[in-house]
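Dropping the structures in below, format is C-alpha cells.
The same chain A turns up in both complexes below, where it pairs with chain B and then with chain C.
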Partner chain A sequence: MTDQKSPTSAPAAGSTDDAAQVAEFEARIAQGESIEPKDWMPERYRKQLTRMMSQHAHSEIVGMLPEGNWITRAPSLRRKMVLLAKVQDEAGHGLYIYCGTETLGIGREELVDQLLTGKAKYSSIFNYPTLTWADIGVIGWFVDGAAIVNQTMLAKASFGPYARAMVRICKEENFHKKQGYESVATLANGTPEQRAMVQDAVNRWWWPSLMMFGPSDKDSPNSAELIRWRVKRDTNDTLRQRFVDLTVPQARAVNLTLPDPDLRYNEETEHWDFGEIDWTEFHEVISGNGPCNRERLAARRKAHDDGAWVREAAQAYAAKRDAVTAA
Partner chain B sequence: MTTGKREAGDGKRDKVGSSVDGWVAGARPATATSGTAENPFFEYLLRLADDRLVLGHRLSEWCGHAPILEEDIALANIALDLIGQASLLLKLAGEIEGKGRSEDTLAYFRDAIEFRNAQLVELPNGDFAVTIVRQFLFDAWDVLVLERLTAASNQSLAGIAAKALKEAKYHLRHTAEWVRMLGDGTAESHARAQRALDDLWPYTAELFLRDAIDAEAVASGSGVDVESLRPRWRQTVDQVIGEATLTVPKDGFAPRGGRAGRHTEHLGRMLADMQSLARAHPGAAW
Partner chain C sequence: MANDTVSAIGGATSAAETQWDLWEVFTQEGEGAPHEHAGSVHAATAEHAMQNARDVYARRGKVVSLWVVPTGAIIASAPGDAGPLFDPGNDKAYRHPQFYKTPRGVRGL
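Presenting the complex of A and B:
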C-alpha cells in the first residue's frame, strides 16, 4: 500500500543500463510522459515498480483477513453485505494490481510465492487484530483513508499501468472510506457501549495508521529516486501530514478523541502538529513481530495449500479442453 | 407497503394442518416450533428466505480463504446475491406477519428451531468440492423455484423472484462449470467431487418435500409445487454430472425436518457466530 522499502537499496540509475537510454528515459519522465510496459526502462525502475506494485497487491489480499474476521458476525444484514462487498473489492484490487505487475515481466504465481515465503512485504497495518465490530468502521475511515491519500498521488505515477489501476481503485477506496466513517458515526451516536467500543478502536488504530506512510523522510533513502522518476510525487512525511490534516476535523465532528496529547493546530504552518511515532513498534511489526504477522501469513499459506488441488484441477480441465479443440 | 391483493396468509387457516402428508415422522405438519402455522404465507416466505440467508452466510465464510483470488470474488458475489434476496424476503415476511419484526429481527433474533431452511444449506462448507457441489445442487433447484415464483400472485414476491432468477441463472452457470472442472480435472479433484456428491445427495430430497404450507401457498397462487420440479431438476443435474464424468448417487437415506425447524447440530453453531454481536446489544442501531 505504501512505501516500506526493503533495507537494501541498490545504487541509483542502473549501472548496467546504457547512459544515453537512461538520459532519454529521464527526459521523457521530466516531460510528464507515461511509461508503458513495452517502453525501455532502467532495470532499477522496473525493480522499484515491481516491488511497490507487488507490495500493494499483497496488502490488498492480506488486508482481506482482518476485515474478513467480522463478516460472519456483522450485526445487521445491511452491514454484512457492505462488509462482504468491501472485502470483495479488495480482492478485486489485488487481482487488478497483480495483473498490472505482470506487465513488468513477473507472473502472479511468483509474486504470491514471494508473499508466502515472507520475501515480499505487505502493509504492516494488517498485522494488527480486529478486536471489535468498531474496528471495521475505523479501518474504513483510517486505513482506506490513508490509502486514498497515498493512491491519489500514485494515480499520477509515471508507470501507466500502475497509474491507471490507482485511478480505478481509488474510486472504490473513497466509497469504503465513506462507509467506514458512516459506521463510525453511527457507533459514536449509539449506546454507551457502542461509543466506548468505537473510541477504543480509534485508540488502537490511530498510530498504526500513521505508520502506513512508511519511515520518516530522514530515514527514507529511496524517496529521492522515486520522486525523480515520478513514481511518487510526495514524501512519506508530506503524505502523513495530509492524512492527519484531513482526519482531525472528521474525528472532532463525531466527538471522538485521537490518542495523541501533542496534537494541536499550528497557526503558522496551518497544519496539525502531532506527536512522535513509535518507530520501534514500526520496525518490529515490519520485521515480522507484529501481533498478527504469523497468523496472517499462516492463513494465506493455508488457503494456498488447501486450494492447490483446485488450481491443478482447473489447469488439467483446461488442458483437456485445449486438446479437444486442437484435435 | 403491501401487496394490494389479499392472498396467501389470509383467511385460509382452517385448511392448514388438515391435509397433505405429515412428513415429520409422527408430528403434525410444519408446526414443530411455531405453535400452529397461523400464518402459512409467513412460514412459506421464511423457508425461501432462510435457505438464502443460511447458504449466503456459509459462502461468506470463504471470503479471504478461497483456492484462487477469482473464486474469493465469485463466492462473495453469490453470497451477496443470496443475502440480498434473503433480506428482501425477510422484510416481506415481517410485513406479512404484521408483528413489527424487521428483516434484521428475523435474521438475528430467531433461534435455530425457528429457522425454516432445508438442512442442505446449513451443512459446514467442507472442502471446495463440497461447497461447489452443494451450491450447484441448490442452484439447479433454485432456478426452477424462482421461475415459478416470478408468476406469484403476491406482486412483491414476484418482483423479488424476477430479480433473483437472473442472479440464480448466473450462479448455476458458474457452479455447473466448476462441477465439470472438478469432476473432469485430476484424479484427486474427481474423487473429492464424487465424495461431496455422495455425502450431499441425501440432503437434496428435502428440497422436493411438499407439505401443508406449500399446498397453501400453491393454492393462493404464490407458491411452487416443489415435488413437481424434481424431474426437471434431475435433467439438469444428471446432465452436468455426466459431463463431469461423475456418478449420480442412488436415492436412499433422506434426512428431513429443516422446514419444520428440525435441523442438524451445525445450524446452532452457525447462528451462535452470526447472531452473537447483534444479541449482545439488543435494541442498538448499527
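Presenting the complex of A and C:
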C-alpha cells in the first residue's frame, strides 16, 4: 500500500549502471515521460519498484483477511453482497499489481514466496483485528480512503504498468470507500449501542490508518529518491495531511469524534493539525509484532498450501490435453 | 531488430513447477471500440486464461469482448528501434495534402 520498508543499501552504492544512461533516463523522467518494461532503467529503480509494487500487491491480498472474517456474519443480505464484492475486488487488485510487477522481470511465484516466508512486507494496517461489525464500515471509510489518497498519486507514477494498474484500481476503490461510509453513517444514526460500537471502531482504527502513509518525512530514507524518479509525487506527510483534511469533516457530518485531543483547524495553514503518531507502535507492527501478524501469515500459508492441488490439477489437465492433441 | 530474451512485453519467463503460463489480456470496452491491453493472467490452458481474464479484468463495466494471447507469442518493437521505425517523415512533405496546389474555385477535394 504505502511505502513502508526496512532500510536498504545506500542509493547507487556499488551500482554498475552507466552514468550516461542514468542521465538519459533521468532526463526522460524530468520530461514526464512514462517508463515501460523494455526501456532501460537503473537497477536501483527496478529494485525499488519491485519492492514497492510487490508490497502493494501483498497488501491487497492480505487485506482480504480482516474483512473476509465478517462475510458470514454480515447483518443483512445487502451488506453481505457488498462485502463479498469488495473482498473479490481486493483479490483482483492484488492480481493487477502482481502482473505489473512481473513486467519488471520477476515471477509471481517468487513474489508470493517472499510474502509467505516473511521476506516481503505488506501494509501494517492489516495486522489489526476486526473485532466488531462496525470495523468493516470503518475500514472502508478510513483504510480504503487512505488507500485512494495514496493510489491517486501513484496513478501518475513514472512506471507505466504501475500507473495503469492504479488507474484501474482507483476506478473500483471509490465504491469501497462509499459503502464503508454508508455503513458507518447508518450505525452512527442507529441505537445507542450501535453508536457506541462505531465510535469504538473509529477510536481503534484512526491512528493505524494514519500510519498507513508510512514513516514521517524526516525518517523516510526512500522518499527523496522515489520523488526524484517520479514514482511518487508527494511525501508521506503530505499525503497523510491530505487524508486528515478529507476525513475530519466526514467524521463531523455523522457526529463521530476522532481520538486525538490535538486535532484542530489551523487558520494559517488551512489544514487540520493533529497529534504525534506513536511511531514505536508503527515499528513494532512493521517488524512483525502487531496484534495479528502471525495469524495473517499463517492464514496466507494455509490458503496457499490448501490450493496446491488445484494448481497441480490444472497443470496436469493441460499436460494431458497437450498429449492427446499431439497423438 | 533487437529482441530480448525477456518476453515481448517484459513478463518474466520463469517456469517454476506450480506457476501456470502467462497470458496477456486485451479487453474491448463497448461495441466498435478497439481491443486494448488490460494486463495479464496466469493460466494452464487457453480456456482457463479466458476464465481468469473474465474474473480479473471484466468483473464490472463495459467489456464486450476479450482476447487472451500467450505472452511469449507477442513480438514487440524494441525501445532502441523507435527512431528509425517511427520517424515522422517530416522531410516528405508530399505525403501531406497541403503539398498540392488546387486550381482556384475547385471544391470537395
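One rule holds for everything that comes next: the second predicted complex is superposed on the first by the 320 of 327 C-alpha atoms of A that agree within 3 Å, B and C clash if a C-alpha of one lies under 4 Å from a C-alpha of the other, contacts with A are read in each partner's own complex, and residues count from 1 in each chain.
One rule holds in what follows: a residue touches a chain if its C-beta (ideal position, glycine included) is under 8 Å from a C-beta of that chain, and two chains touch if they have at least 3 such contacts.
The structure presented is a predicted model; accordingly, all values stated were derived computationally and were not measured.
Participant: For A:E36, decide between first (touching chain B), second (touching chain C), both and neither.
Facilitator: A:E36: touches chain C, not chain B.
Participant: Should A:A303 be classified as contacting the first partner (chain B), the second (chain C), both, or neither?
Facilitator: A:A303 sits against chain B, while chain C stays out of touch.
Participant: What is the contact status of A:G92 with respect to chain B (first) and chain C (second): first, second, both, or neither?
Facilitator: Touch status of A:G92: both partners.
Participant: After lining up the shared chain so the two structures overlap, which partner does A:Y317 touch, if you call chain B first and chain C second: first, second, both or neither?
Facilitator: Both partners.
Participant: Where does A:A120 make contact in the superposed view: on chain B (first), on chain C (second), on both, or on neither?
Facilitator: neither
Participant: Counting only touches as set out at the top, which of chain B and chain C does A:I169 meet: first, second, both, neither?
Facilitator: So A:I169 meets neither chain B nor chain C here.
Participant: Under the stated touch criterion, name the partner, chain B or chain C, that contacts more residues in chain A.
Facilitator: B
Participant: With the touch criterion stated at the top, can you tell me which chain A residues are shared between the chain B interface and the chain C interface?
Facilitator: Looking at chain A, the two contact sets intersect at 88, 92, 95, 308, 311-312, 314-315, 317.
Participant: Hey, which residues of chain A end up touching chain B in the complex?
Facilitator: Contacts found on chain A: 61, 64-65, 68, 71-81, 84-85, 87-88, 91-92, 94-95, 98, 133, 183, 186-187, 190-191, 193-194, 299, 302-303, 306-317, 320.
Participant: What part of chain A is in contact with chain C in the complex they form?
Facilitator: Touching chain C: residues 36-40, 88-89, 92, 95-96, 99-100, 102-110, 161, 164-165, 168, 172, 308, 311-312, 314-315, 317-318, 321 of chain A.
Participant: Sort out for me which residues of chain C touch chain A in the complex.
Facilitator: Going through chain C, the ones touching chain A are 4, 6, 9-12, 14, 16, 18-20, 22, 38-45, 48, 55-56, 59-60, 76, 78-79.
Participant: If you look only at chain B, which of its residues touch chain A in the complex?
Facilitator: Residue list for chain B touching chain A: 57, 60-61, 63-73, 76-77, 79-80, 83-84, 86-87, 90, 103-104, 107-108, 127-128, 180-182, 184-186, 188-189, 192, 273-274, 276-278, 281, 283-286.
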